[in-house]
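After this come two complexes, each holding chain A, first together with chain B and then together with chain C.
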Partner chain A sequence: MQISINDVLAMLAEVFEESVESLSPERKLESIGGWDSIGVLTLMAELDDQYGVTLTTEEIQNFATIADILAVLKNKGVDIAE
Partner chain B sequence: MNTIGNDFQGRRIVLTGVTSVIGREIAMTVARHNAKLVLLGRNDVSLRNMLASLPPNDHQIVVTDLNNTGLIKDVLKPLLLELKPIYGFCHCAGVVHTRSLSMSKPEMIQKQLDVNVLAGIEIARLVTSREMAADSEGSVVFISSIYAHIGAAGQLGYCLSKGAINAAVRAMAVELAPRRIKANTVSPGFVRTDMTESQSKLSQEQMQNIIDKHPLGEGSASDIARAVLFLLSPDNKWITGTDVIVDGGYTAQ
Partner chain C sequence: MSKSFDRLSKALAKTLGISSVELIESFKPATESDLEKVVAFRKQFFTDGLKWDDRDYLRWRYSFSDNTADSHGRYWLLKVKDDILGTIGMESFELVLNGEVKQACHPLDLMTKPELKGVGIGAWLNLALIQKSPIVFVLGSSEEAEGLVRKIYHPLPDCISWKLPINILGSLKHKLNVPGVVPLLAAVWNSYSAISRTVRFKGLMPENAAVRQIDRFDQAVNQLSEESGIAGIFRFRSAEYLNWRFIDNPCTNYIALGLYANDMRLMAFSICHFIYSPVNRQQEAVIDDIFWSSDANNQNGLIWAKAMLAETVEHAVRSDAKLIQIAVCSEPFSRTLDSLGFFPRGSGSVCGVYAADPVISKQVYNDKLWFITEGDAHGEYYEQAIP
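Moving on to the complex of A and B:
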């Protein structure tokens, strides 16, 4: 099933308690208040539930921006429309 | 084989969650003490493998999905009627869905309540029914958690489900006491299991940090199984409605 970048941003907005308008691929993760240990665990669980993508905390620690999350989803087979 | 004490002498015990690390150890332990088991689980192959690893003693398996709490009684009852009297039950099945408070939606909490609490209560009410239970003896043990006693970030649904188990089992204990059926919980500290390894999403470093906070160091499934064995066994005459915390001192701090 193909999803859009906006679908992913909407999911991230819910997980990190931000407005979807405030999120974009360029947004730095360290600038997001909810990007803490529990936020990361919740994100991992939601990615697994919603897209069947399993990430390790070690992989996530290397992420700098939302674009990195989108890239790893694509690499793991999620069909995200450009 | 040490069968001095805690000998079930062929009494029948129903077990869930036996393909998990703790559940498997409990099944092995009570089977070694001459219990006849009924193993419940979702995966037929896993259950058959488990069955093959037990010392033979007329053990039975029942394939059922504990997420579907409405079906459990219908699936289990016909077999238990053939096998009765049923002496005891241990609910080891459990799931954890780590979520922040803001993402702890009702359906996410419900999933944990269904498996951790309601499925166990469905089986307990069947096993302890007058139609099914042994005469004037019996024991029910639910595997709870130290998270019934302490909070943890990201674990609202899990903590809620485990607290509910402890409260429900106290009520069960008082109600069943006139028929000499005991009901207790065992609350493990952190033990490496398939649930803690994968479902919890914790990294190796995060798990090690938790383990390091246990004054007696890391525990194992056999530490939990020993406590369950005693509470379930006919040697337990006067312990009911309580929670045995097996956590290497974690909650003593």
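Moving on to the complex of A and C:
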């Protein structure tokens, strides 16, 4: 099933308790208040539940922007429309 | 929380390449056979070294055997295939909750394997711990710990730090680069401070009361705790707890003072220690704990609290402390500090509490009833003791 970038942003907005309008692929994760230990754990659970994606420790540690999360999802077979 | 914990555990387990069951089973209290491995793991975080033997600290703070009768807590490890991924200490203590004593715990020593930093293990360890105790009380002092406290626990009012400068020469020298003026300014302010203290402290000591240093706490302190003038929620100060926490502490030397009424009854006590401030290049005193009894004529006992505080300040001044600090979360006692000339110096630790039972949570989430002091934290790791 194909999903849009906005679908992923909406999911991230819920995970990080941010407004969806404030999120974009360019947004740096360190600038997001919810990007912390509990936020990371919640993101891992959400990606597993929604897309069946398991993140590796290296992938998580290399996340710098939302675009990095989108790239990993695409690499793991999630069909995200451009 | 339990359902959410299961979901988060499943996700973390997958990332670590193990099953949820393995993850949960890998979270266990450390035993004697883990000690050397634990010491080696912790050494990564104390790159500047410690002024004490970490083994002494661990053996003092935690029980490494399953016989937990006299234990003050266990040190929990997330150990997968003999590899320690993270640790969290669980100090057990008695919490007085509106007159009733309840078992509670306080997480500390939260550490995550550096190679796994940022993958959520710290949050998971906290979540795993709160499944194991009816009441969890937490203090966070780092930015990361504060974020965890605010998200996982019910936030309590911050512990506010207060200071009472006695001699400001050191701090002025650090802040102002005007060598000729600084000693003069300091002398003027120090004289004002001494006069202000004399006026504010005058008549605080009840008639026929006396102060004595306490070498070891005895049963008198248990009675004081039971008759405390502090209404609300606080840690029960038993002789056994105070002797363990302060007198037998392998990291810091504490000084305990007792205030006795004319019938020699213990009415209040305070505990302080001295630190050397490398910034101001001076000796400073930290009041770690203060506690007082109620009184037939003074239900809240603040008369004893004020007298005890004033005597502790005088003791610190005689011991050459140039600054006296205290951190406390308590509205009534904050007013006492203000009236005795202490200045608030901003937020200290962020405090939070979690209780799964809705009846208990309704009681412990009452922000105004908590009485928390520096002694409830464990700052020994983060300060420089006097050489």
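What we mean here is this: the second predicted complex is superposed on the first by the 82 of 82 C-alpha atoms of A that agree within 3 Å, B and C clash if a C-alpha of one lies under 4 Å from a C-alpha of the other, contacts with A are read in each partner's own complex, and residues count from 1 in each chain.
Quick note on the criterion: a residue touches a chain if its C-beta (ideal position, glycine included) is under 8 Å from a C-beta of that chain, and two chains touch if they have at least 3 such contacts.
Here the structure is a predicted model, which is why all the values come from computation and not from measurement.
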Touch check for A:Leu29: first (chain B), second (chain C), both, or neither?
-> neither
Please indicate which partner A:Val78 is in contact with in the superposed arrangement: first for chain B, second for chain C, both, or neither.
-> neither
What is the contact status of A:Ile66 with respect to chain B (first) and chain C (second): first, second, both, or neither?
-> neither
Could you say whether A:Thr57 touches chain B, chain C, both of them, or neither, answering first, second, both or neither?
-> both
Check the residue A:Glu14 against both partner chains and state whether it touches chain B (first), chain C (second), both, or neither.
-> first
Please work out whether A:Ile38 is in contact with chain B alone, chain C alone, both, or neither, and reply first, second, both or neither.
-> both
Name the residues of chain A shared by its contacts with chain B and its contacts with chain C.
-> 37-38, 41-42, 44-45, 48, 56-57
As the complex stands, chain C meets chain A at residues 7-8, 10-12, 14-16, 115-124, 144, 147-148, 151-152
Hey, which residues of chain A end up touching chain C in the complex?
-> 36-38, 40-42, 44-45, 47-49, 54-57, 60-61
Which residues of chain B touch chain A in the complex?
-> 97-100, 102-103, 153-154, 200-203, 205-206
Once bound in the complex, which stretches of chain A touch chain B?
-> 14-15, 17, 34, 37-39, 41-42, 44-46, 48, 56-58
